[in-house]
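Below are the structure tokens for one structure; questions will follow.
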Amino acid sequence: MSTTPAQRFLRDAAEKSADLVHRELIRRGMESYDAAHLAGRARIKDWEAARQKCQEIKREAINHLDRYLLQFEEKVTSRGGHVFWAANGEEACTYVRNLATRLSVRTVVKSKSMVTEEIHLSPALEKVGIKVWETDFGEYIVQLRDEPPYHIVTPAMHLNRGQIAKLFREKVDPGIDSDDPAYLMAAARRKLRQAFFAAEMGISGANFLVADAGVLAISTNEGNGRLCTSIPRIHVVVTGIEKVIPRLEDLAVLWPVLATSGTGQGITTYSTLIGGPRQPGEVDGPEEFHVVLVDNGRSQLLADAEQREVLHCIRCGACLNICPVFRHIGGHTYGTTYPGPIGSVLTPHLAGIKEFKHLSYASSLCGACSSVCPVKIDLHHHLLQNRRNATEAGATKSSERLMFRAWRSAMLHPRMYALGGWSMRKALRIIYGLGLAGSILDPMRVWNRHRSPVPLPSESFRARWRKSLGAN
Amino acid sequence: MTGSRTVSLFVPCFVDQLLPEVAVDTVKVLRRVGYEVEFPEGQTCCGQPAFNTGYWNEARPCAEHFVQVFKHADVVVCPSGSCATMVRIFYADLLAKSPLREDAIALASRTFELSEFLVKVAGVTQVGATFPHAVTYHASCHGLRELHLREEPLQLLRQVSGLKLIEMARSDECCGFGGTFAAKFADISASMGNSKAESIAATGAEFVTAIDPSCLLHLQGILGKRQSRVSTIHVAGILAQEKS
Amino acid sequence: MAQTENPSRDRILERIRAGLGTVVPEPAATRTERVIFEPINNPLERFQQECVANLMECSLTADCAASAQQLAKVLQSLPEGEAFLQDDPSLRRLVELAASRRTVRWSSEGAPSEGSQATVTLAEALIAQTGSILVSASCGGRGASVIAPCHIVYATVAQLVPDLATALSCMSQQRSLDRNSFACVISGSSRTADIEKILVQGAHGPRRLVVILQTGT
């Protein structure tokens, strides 16, 4: 018996909402992020001006997407690189798999790329016997646990050091005898170093595709992305088509803003620019360079006048960090590649509105996400639009449609509304008087599951007004 | 609108039915600072529940009814950040193709949340209130992020005689009500409410206040279930208190 | 790539152009250029402050002799093992003056080996705003700034630029990325905070980043 994504979501959300250990771990992680983020913003003189500038850069890029993609492609190919345009995940995986097979690749080292998660690239390669090593420390940890990343920036934030030490003892080295983070990192470094030097292919993502210089920009801290793109003889970049920016100089504001929003840093340790394979005269570097541009539903969003700006997302993770829903249910509950507010807005466009519209309702529309988005995407209003779109597409429950039609009738007739309100209060008073609060007869039983019953005044305001308050 | 001393009262439907004292206190405060109050009895609901759940076709006639009811008003005041937001921020979109679009936009420009009206229109922060208790303030989302009311409620509370205002950690974190969210995703809503209740408890305050009665209704329920000693009270409720 | 090898290319471009046919109302562009970053009045001071915050080591030296002495000191503090150096006359001179007993491999001989204990390179520029080193493929290759546990950069104060905007603008003007397939703005030692958001210095890249910053000739 299979469950729908919506059913799985409700079940997992209920479980996680009650998990106080999980909540505390996430709370501590987010508290640390909050402090770092504020400190990071203080380093920027005019944060609102920075957001404005980033929004303008991305708007220009997306509004001329074809021109900038072609400019990027031209420069990359002029340096001997290859650019492949993939309509969907399957085409992208096929291209990379064929390339790997043709070049006798047995081992791949991967640095973090959410797009490769989206298209399920690792399983596609493993299916043909290629060993794929996730080298980003957090990704490596969740790979060992055979689970998806919990968060787009900090993939293993749901685990404590004890759990990671135990995992390493089982899967990395039985001699692991400490849960000190530095010790565990050193163990991972030793293990992965062998992979870096043995791998024939390195796969990376890209934070930005710089059109005028024809380079990709990758922001990392660990150095694994650097090693993946320096040592193996083949470098493959898998990226969404929307990552384009017009000019190299745009990075002067995008780099600090991405780092500030993502981790609270002024800039990530390595801000790398790569434009092709090793050029004649260079000491080292890959002999082959391939950029896979993935569409997978993105070009469709361009036509959506209301939501085209969703393509401006720079995948910083700030909306996940601030979202109170995310903080209570965690990243895995969403069941999608992209969790949090951006995931809830984007997933119906990439993976279908009928299956994933429930995510747009799993929000109190508090607007915190929109207030922190460094490119000023109006996320919470897009959730509202998704709800409207779902209703217009007839994708809502008929019982709900009927209910709102009845509601509308009542609200258009003040006397009917007043009578309805009075009846409801009267009925509830009787039901509660009989001690039936929370029972099947209680229309407020969902409310009463977690809360004490609502007050039931004997008189509505309008009754009172009419009786005594009317005179000024 | 300039110089008019008559305010039309917009009472959210659930305040009318479940929290009438919020509206009663709003009337009290407005009269105390020198305004006459009229209550158009034809009003029912601004349409927010249907609108937020995606049922814009059902919300629209509701909104049109609202615009007709308040068409004559010089200024509209509402003791709810979310309901004032519905009119001010969302009516233009919802009624974009309606013959009442212009009326709606005009109405929006003269519709205010209570604290906003007192501080920015009436120009007062001292309303002669006394409330000698420890109070913590929850910054409701709509008022904060849609109407940009960060300071106004606090300015009013700071002028209340005897009131000890204690700041809570993450006062601007959502309480978890979210309208139909509370029914559709009850567990998450309650979880968020309980986190907020913990922040409230940590302040040691006797009361939690806000400009949104929906937040307070939700928190009242959450706090009640936890058998907390903290009570909820709307900002209007505090401002209406005089020296006994 | 030929049309037959990548049929989706044209289809995607077509879809993009069709999508962009939808007009999205845009707000009027802001005319006034707001200042986003605080202007930097004392680049050297700022660079040194940022180095401290980035957990980098920055030593000011007066001349070649002092720089060589500093290099010798750092090399001596490291475990046994080869040092990889960018093959440049200034580094050849520096190594000679340093008179270190360590085995040395030059970039002209090939890429750094897996067991290198240190790499020594020049930089394209230093950036005060973020306490960064800008390196390119010309600075001993890609691996030179990431393979060994210690990366040493030999630079002069004349190479210091105030901010990222200046550095990127220079790169554009000089078309550095037409001549180099790789460049990197390095702002500290490698690190991770993937376990409980606790900062660990030294992840896959160097644990130590040392800047020998020469003020004189």
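Letters A, B and C mark the chains as written, and numbering starts fresh at 1 in each.
Following the convention adopted for this analysis, a contact is a pair of C-beta atoms (placed from the backbone, for glycine too) under 8 Å apart; a residue touches a chain by one contact, two chains touch by 3 or more.
Computed from a predicted structure; not experimentally measured.
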Centre of all protein Cα atoms: which chain's centre is nearest to it? A
At the largest C-alpha centroid distance from chain C we find chain B
Can you identify which chains form the pair with the largest number of contacting C-beta pairs? A-C
What's the distance between the Cα centroids of chain A and chain C, rounded to whole Å? 29
Taking the mean of the CA coordinates per chain, how far is chain A from chain B in Å? 32
So, what's the distance in Å between the C-alpha centres of chain C and chain B? 53
Among all residues of chain B, those touching at least two other chains are none
Seen from chain B, its contact residues with chain A in the complex are 11, 13, 15-21, 23-24, 27, 31, 36-37, 39, 41-45, 47, 49-50, 52-59, 61-62, 65, 141-142, 144-146, 172-174, 176-193, 195, 217-218, 220-225
What residues of chain A sit close enough to touch chain B in their complex? 10, 13-14, 17-18, 23, 324-325, 327-329, 361-368, 370-371, 384, 386-391, 396, 400-401, 404-405, 407-408, 410-414, 417, 421, 424-425, 446-447, 449-457, 459-462, 464-466, 469-470, 472
Hey, which residues of chain A end up touching chain C in the complex? 25, 28-29, 32-33, 44-46, 49-50, 52-53, 56, 59, 63-66, 69-70, 77, 79, 82-87, 91, 135-138, 141, 154-157, 159-161, 164, 181-182, 184-186, 189, 192-193, 196-197, 212-215, 221-224, 226-227, 229-231, 241, 247-249, 251-253, 255-256, 263, 266-279, 282-285, 289, 293, 295, 299-305, 308-309
Would you mind writing out the residues of chain C in touch with chain A in their complex? 1, 6, 8-9, 11-13, 15-26, 29-30, 34-38, 50, 53-54, 107, 110-112, 114, 130, 132, 137-138, 140-147, 163-165, 168-169, 171-172, 177, 179-198, 200-206
